[in-house]
Amino acid sequence: MFLLPAAIFFIAFFILPMGRLFIVGGSGSRGWSAYAAILTDAVYFNALLATLGVAAATTVTTLLVSGVAGVFLQRHPFPGNRLLVSLLTLPLAFPGVVIGFMVIMLAGRQGLIGTLTQALGGDRLVFAYSLAGLFMGYVYFSIPRTLLTIMAAAEKLDPRLEEAARSLGASTWRVVRDVILPGLKPALISSGAICFATAVGAFGTAFTLATRIDVLPMVIYTEFTLSANIAMAAALSFVLGAVTWLVLALARSAAGSTVAAAG
Amino acid sequence: MNPVPLAIRLEGCARTFADGTRALEPLDLDIRAGETLVLLGPSGCGKTTTLRLIAGLERPDAGGRVLFDGEDVTARGIEARHVGMVFQSYALFPNMTVAENIGYGLRIRKLPIREQRARVGEMLAMMRLEALADRAVDQLSGGQRQRVALARALAVRPRALLLDEPLTALDAQLRDTLRMEINLLLRGLGITAIYVTHDQAEAMALGDRIVVMAHGRVAQVGTPRDIYHRPASAFVADFIGTMNRVRGSETADGFACAGGRLRLPPTGRGAAAVMFRPEDVRIAADDETADLAGTVTASFYLGDRTRLFVDIGDECPLTVESSARCTFRPGQAIRLNVQPDGLLVL
Amino acid sequence: MPPLIFSLQLAFTLAVCAFLIVPVVLSVLAGLTVNYFVGLESGLTLKWVIEVWNGYRDTLFRSVGIALACLALTLVLGVPAAYALARAKSRLGRAFEELLMLPVAVPGLATALALIASYGALSGFRTSWAFILVGHALFTLPFMLRAVLAVLSAIDLKTLEEGAASLGAGPWQRFVHIVLPNCRDGILAGSLMVLTLSMGEFNLTWLLHTPLTKTLPVGLADAYASLRLEVGSAYTLLFFLMIVPLLLAMQALARPRRRRFIPADDTDLAPLALKP
């Protein structure tokens, strides 16, 4: 009974529209083969590859950065620690457009990096309006999100395990490899998956940086507005939704099973 | 000023859970007005289910009836049964202070504010909680929480108080103190109380009558004295206290067994096993009059007494307690006397 | 741990922090600088902020309005749903919970296209801000649900409710007296999250909006694309002014509170003075 309002809202505005989207995707000039176009059509397939590539690079980089910083901040309560955590998680809910603008501030035509490289006597380095800029934006976007998850997981690591490993003669790197990383694994998998999924589906950052970056969300947007090819846009976005959902589902079962195995 | 205590009757109350497990076989039970009845048994024996049936937190399977003073209340939920309940984890509301917790039932009953205040003050005083009235419940120690839970259940002046393992979450010493307090409280109020526990010492100390339960059935109902000295089954005998069991055969002048002969009064049934408690065994003063002979296999010094395990050649060693100040060594030969009136044949 | 490793890690963490914060500072400065290309020596001014305020304040008010409406909607839909899900630990409940999380997993573009494909023909609805509101509520509902659910599953809700029932409280009284106050922290955290997300939502909104229902992020995207850097920055500055307090409040709330538990102080446990 308490569930009813949410259920009605959700069915009316999500389940039914998603079903409709699926039908619309098959109603264009290509018919149902529109759903295969993402693999058969070179333009879409390349966009898919670029999207997955950027997302994968973002995920790996973010996990490395957040992993090192997160464990460090969790372990060392030095003065200013709290402030650092605050600053690092501040951009938590910045929208994609603003992230795009932050990238422009750093690597755009009037950006800091360009100014610095020029001052150092080199060429003015500008990469905001390319895949590299998009990558930078996604990393910016993902760090605050993953950091909190990793810090929470690092807090739960049992220090006695590390002490045990040390007592058996393990070096710092062995401890990291054999104790800390396995302990963080579920958190790394789940936050990595969220990071990947957001990078695959995000649109605002790419939109702000340039319309020339051919990642899948941009292609969908172009199909929808410029080419008015609504069927293709629907088919592509349905596939995109399915891919992200799949990644998250896989990650959850992987993280879940590791948790179970560790317990 | 105390409300008239409630008589409770369960008729054919069984309880089967949705997954098909039978938590309680059909049970008939009469709880007299004003008595303290303890439901005792190992975990999973159905004692908590019985309590929850009385409370109205569970419904019996079809055919079962719960009667309060002869009135059928089976269909009523707990909120309409007017019983007080103390939960194992206390279930104190973390969003309310001590005083607000105690007054919650009065607030629900829409008593005039002045009377609510007076009643809460009375309960705070009775439980010696005045100084804590405005504390948050997460600032209380275990014992304090326990008393708030009691005060809250009693504030509405219920005609019966149900307590679900109320002392389990506390450490041993505190448990002893609170057990005594609860005992005094229940006697003083003259309220009908149903108390669930798995601790036999608690059951002995508190119960006017004890219901020993096992596997969803009642194993025995009786006074603590009955249960201890006249157990109805081997299960009850073993569950309450320590019991020695010796096999052998009844003869014309007693009971012949490994290690000697026990002075068993004639039973006329040809007993094949007898049981007795450790405290009914004495270390024999002279070898001539001893009932049993054996060797000490282990001895544990407990301070006020020494617990010995004695092998008399039967399957299990006997447990014997001695308050003598001498020491015992494993392997040492020992002779024992068993009081004839402590011998029990099932 | 050797001090060298400590210093390296600290330096690294500081660098990451700089990566996140420097552009924010730059953008704030740019919004207050007369000419960013020339630099700070061109002087500080509020000119750009005022220009943005005059030209775009309707987007700001609309965003706040939608965010508040979205909050109301997610509270009404989400809190009871979380309560129901916390009580019913069935497989069906789990499945429904998973379903409700879908709008976060599925890209906003897909959700927006689905909404347009289904309801785009209802022009009265399509052109009103309620269309955007529906999208925002879909996207933010899971956050409210999860925040409340997290708190509800951390407390022993069943026993607390049984306790209240034993004192005579009916279902509605239990929900109001016991459930709601005890998930207050979850509701608060969820509310801040919903407000922040709704205020910054772009992926869905860009497709759902019409020229008359522009929100703040939509306006931002416009400004970045067509106006000078200083105006974009000033606009961003306004956005920061709105969203940073929410983010700070969220951080303050998330910080674990020190438990004020007083351990076993049972010195006052003299036998009760009975008043039979």
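Note that the chains take the letters A, B and C in the order they are written out, and that residue 1 is the start of every chain.
Going forward, a residue touches a chain if its C-beta (ideal position, glycine included) is under 8 Å from a C-beta of that chain, and two chains touch if they have at least 3 such contacts.
Not measured: the values here are computed from a predicted model.
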Chain whose mean Cα position lies farthest from chain C: B
Innermost chain, taking as reference the mean of every protein Cα atom displayed: C
Pair of chains with maximal C-beta contact number: A-C
Rounded Å distance between chain A and chain B, as computed from the means of their C-alpha atoms: 59
Intercentroid distance (Cα basis), chain C paired with chain B, Å: 52
Rounded Å distance between chain A and chain C, as computed from the means of their C-alpha atoms: 18
Residues of chain C touching chain A in the complex: 1-2, 5-6, 9-10, 12-14, 16-17, 19-24, 26-27, 30, 36-37, 76-78, 80-81, 83-85, 96, 99-100, 102-103, 105-111, 113-115, 117-119, 134, 137-138, 141, 145, 193, 196-197, 200-203, 206-207, 217, 220-221, 224-225, 229, 232-233, 236, 239, 243-244, 246-248, 250-251, 254
Footprint of chain B on chain C - complex, ascending: 155-156, 159-160, 162-170, 173, 177-178, 181-182, 184, 259-266, 268-276
Contacting residues of chain A [partner chain C, same complex]: 1-3, 5-7, 9-10, 13-18, 20-21, 24, 65, 68-69, 72-73, 75-76, 78, 84, 86-98, 100-106, 110, 112, 140, 143-144, 148, 172, 197, 200-204, 207-208, 217, 220-221, 224, 230, 233-234, 237-238, 240-241, 244-245, 248
Complex contacts: residues of chain B adjacent to chain C: 2, 55, 57, 77-80, 82-85, 87, 89-96, 104-105, 108-109, 122, 125-128, 131, 136, 138-144, 147, 152-153, 156, 162, 171, 174, 177-178, 180-181, 184-185, 188-190
